[in-house]
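Have a look at the structure below before the remarks.
Chains: A, B, C, D, E and F, in written order; residue numbering restarts at 1 for each.
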Amino acid sequence: MVAKTNDDVLLVEANLDDQTGEGLGYVMEKLLDAGAYDVYFTPIQMKKNRPATKLSVLINPATKDAITTLILAETSTIGVRYQTWHRAIMQRHFTTVTTPYGPVQLKVATYGDLTKQTPEYADCAQLAQQWHIPLMTVYQAALVAADQATQEEN
Amino acid sequence: MVAKTNDDVLLVEANLDDQTGEGLGYVMEKLLDAGAYDVYFTPIQMKKNRPATKLSVLINPATKDAITTLILAETSTIGVRYQTWHRAIMQRHFTTVTTPYGPVQLKVATYGDLTKQTPEYADCAQLAQQWHIPLMTVYQAALVAADQATQEEN
Amino acid sequence: MVAKTNDDVLLVEANLDDQTGEGLGYVMEKLLDAGAYDVYFTPIQMKKNRPATKLSVLINPATKDAITTLILAETSTIGVRYQTWHRAIMQRHFTTVTTPYGPVQLKVATYGDLTKQTPEYADCAQLAQQWHIPLMTVYQAALVAADQATQEEN
Amino acid sequence: MVAKTNDDVLLVEANLDDQTGEGLGYVMEKLLDAGAYDVYFTPIQMKKNRPATKLSVLINPATKDAITTLILAETSTIGVRYQTWHRAIMQRHFTTVTTPYGPVQLKVATYGDLTKQTPEYADCAQLAQQWHIPLMTVYQAALVAADQATQEEN
Amino acid sequence: MVAKTNDDVLLVEANLDDQTGEGLGYVMEKLLDAGAYDVYFTPIQMKKNRPATKLSVLINPATKDAITTLILAETSTIGVRYQTWHRAIMQRHFTTVTTPYGPVQLKVATYGDLTKQTPEYADCAQLAQQWHIPLMTVYQAALVAADQATQEEN
Amino acid sequence: MVAKTNDDVLLVEANLDDQTGEGLGYVMEKLLDAGAYDVYFTPIQMKKNRPATKLSVLINPATKDAITTLILAETSTIGVRYQTWHRAIMQRHFTTVTTPYGPVQLKVATYGDLTKQTPEYADCAQLAQQWHIPLMTVYQAALVAADQATQEEN
């Protein structure tokens, strides 16, 4: 039987119209280093004809204070806002398949009856670089290998 | 006296950086077929220089499980997040006006003292196609007809 | 017989990842004051995870030097790029219609057999403010008045 | 030996700040019906705090007049602008592979030494609907079948 | 000791696919005049190939009814949705520094150990206009003056 | 006397609706490694409700063939389009200033009478990391140091 995972995640946001893109690229890295689950930017349009960026950070609620201080220190905003989201997350484990270019990890995600297999991006990118071939070639080879592994199991 | 409607709606979201636009166009249709109130995409920017899409689905909370399964099955995400929003919705009824090109339904929306009339897009589009005239011509004719109907009532 | 107008327009662009939105709102006004036909911003995504803005300015080719200097002085970019576009522009004249809220100018645009009438935004906005009514109410009243004027002519 | 194709394409654009999204969805279909190669929308930000849409249409230069008239008739713009782009296009032919769910067409594109195979979206979508399975399942099955066909050839 | 401020803010949103950008620029001003803390637009993509705009308004919860009525009156939407966000806001006070071009207000924001100083945009813009110099020149002069003031204090 | 630089740049573009964001992040790096001047993504909306990305690459016209092959190999597109832009580029040289945190390079750009000084992002980021202080603190210190250097020269 496949269990389902449910948990809460805190979304921290700020609208930034007095920060450069250069500075925002820097803060994305700092936030990921500080343990944020995910960081993303949304283009928005603010008053006085200002193109701006909404900073969104999904975090473990336990890191709220550290992340808040980091955003206030590294960006131009004078405030952040918080909101809790519930989540449904698929169960995950990893398995390895062999392609003509080398081994690639597969992420296997399950939720009730549902199963999805996805080749790990980092492995595919590394092999593509090593063999001087397109990323897509490695990615498709990993899907083919995953299919064969599934056939043999059944 | 005009009543006001208030209800709750569930917003389901996922950030997608490993799905194609082709696949996202497909999933929008599946979600609307499955009864979602509304589906929309927001362009976002994720880590590692990835342009991505935020999928947002507004649903009846009663359809949460079916919609979750559909998103997990048809997209590359391994998780979705949920949030409840309260809503204020105008009361609506429909009436029909006669334009030189044929009948057009008007959506009449009321909220307290406020009344808005909007020609139905589908009717205008169908007449524009039939008469080989611009959509805007039919739309404006419907507004003129609505205005005359209102004059005659008063 | 309705003449068609054709002319050339110069598009000047720069990608900005080290400028704030605040500064960009300011430069839009300066460019319009300097005679640019149109100024618009497009959200783009640049290297190193930087959300950025593409500045686009449509100008009369005769103002190229002044506009270039203004962009280089007021933005963080160290270069701009140029391209010439051909245009097809509808012939325009103005006429006035009377609504229950006051007179509104109509822009009448023609191109071959085609004629479009559009209420002037500034007039509608001014009457909406004056009567404390929605902008849309004035706009639709202007369309109805335009329709009546056309009926009477024919 | 694989030939390369080069040709010119005309890009027609207009900035729209006085048109609804509803009307723009309609005009996209009309333009595709009229033979446009491609139609796409870009979110832009215009003066006076107006969120707007840039309409871009890639066409055969021979259809310039018909497309111009269609845009001027169906949108609120009073002008369009034109620009010629050169193109490098891969040679294409189609082949069919057999998946457990039925036949799927593969688009095979070549350019010099380079070959790419892509399962046709429409075929995959149709089989996914028919078998009530995820689109991705059919798509991956088509990639596996394409891989086997390539193995057998060599 | 520096106090921290925490409060709640209400986010009001609506997706608009049947409103023009012209009308949205107008409604942004009306909402700011009505006391909204912040108004911003996000480009979104809705069903039937419609480019659309999400209107977001951050308000004091006490103004909920007035803002709702304004949005329903001035836009094409027939409903709005609400959500409460918690906020962490830096403490602020203002100080004035002297630049070669005249006095500029500095916003001084503090949060725990953290202090940030930002030249007021409006002051810098006004001096830039008056002296016919780039905005950035005034802005940087204000930062230099702020730095000197801080040196003298210590 | 300050010379002005003018040259031509080739813009290469492709619309991508069947590529993942993950793959696009990868291709941006490959293009920069291959010598592209600049690579940027624009969110666009294509037919059949597909959110998509426009890939734009600014290159030296001499690298056209290599860049074309790279794009066709690493992305899902079967064609690219080209256009030449003229450019006006400011003259640049570098100078070093001393901040309390260490030396920072300044980019000094000139165009006719106009001079701009910008602290190098990479230097500021490296010092900020080293001293565990906000990037903005280093950036502002570099501006102050640049101002002092200019004072002493005059």
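What we mean here is this: a contact is a pair of C-beta atoms (placed from the backbone, for glycine too) under 8 Å apart; a residue touches a chain by one contact, two chains touch by 3 or more.
Since this is a predicted model, take the numbers as computed values, not measurements.
Participant: Under the touch criterion given at the top, what is the topological distance in steps from chain C to chain E?
Facilitator: The fewest steps needed to get from chain C to chain E is 1.
Participant: Relative to chain D, which chain has the most distant C-alpha mean position?
Facilitator: Greatest centre separation from chain D goes to chain E.
Participant: Considering only mean CA positions as chain centres, point out the chain farthest from chain B.
Facilitator: F
Participant: Using mean CA coordinates as chain centres, what's the chain B-chain C distance in Å?
Facilitator: 28
Participant: Centroid from C-alpha atoms only, then distance chain A to chain C, rounded to Å. What do you get?
Facilitator: Chain centres of chain A and chain C, defined by C-alpha means, are spaced 39 Å apart.
Participant: Two or more other chains touching the same residue: where does that happen in chain D?
Facilitator: Those would be 18, 22, 28, 41-43, 45-49, 51-52, 73, 76, 83, 116, 121, 136.
Participant: Touch graph across the chains, line, ring, star, complete or other?
Facilitator: complete
Participant: Considering only the defined contacts, which chain C positions touch chain A in the complex?
Facilitator: Chain C residues touching chain A: 16-22, 24-25, 28-29, 41, 43, 46, 48-53, 76.
Participant: Given the complex with chain C, which residues does chain B contribute to the contact?
Facilitator: So the residues of chain B in touch with chain C come to 43, 45, 47-49, 51, 116, 136, 140-141, 143-144, 147.
Participant: Provide the residue numbers of chain E that touch chain C in the complex, in ascending order.
Facilitator: 22-23, 26-27, 43, 73-74, 76, 121, 125, 128, 134-136, 139
Participant: Write out the stretch or stretches of chain C touching chain D in their complex.
Facilitator: Per the stated touch rule, the residues are 9, 28, 32, 38-43, 56, 83, 85-90, 92, 107, 109, 111-112, 114, 116, 118, 121.
Participant: Contact residues on chain F for chain D in the complex?
Facilitator: These residues of chain F touch chain D: 13, 15, 18, 42-47, 52, 54, 68-69, 72-73, 76, 78-83.
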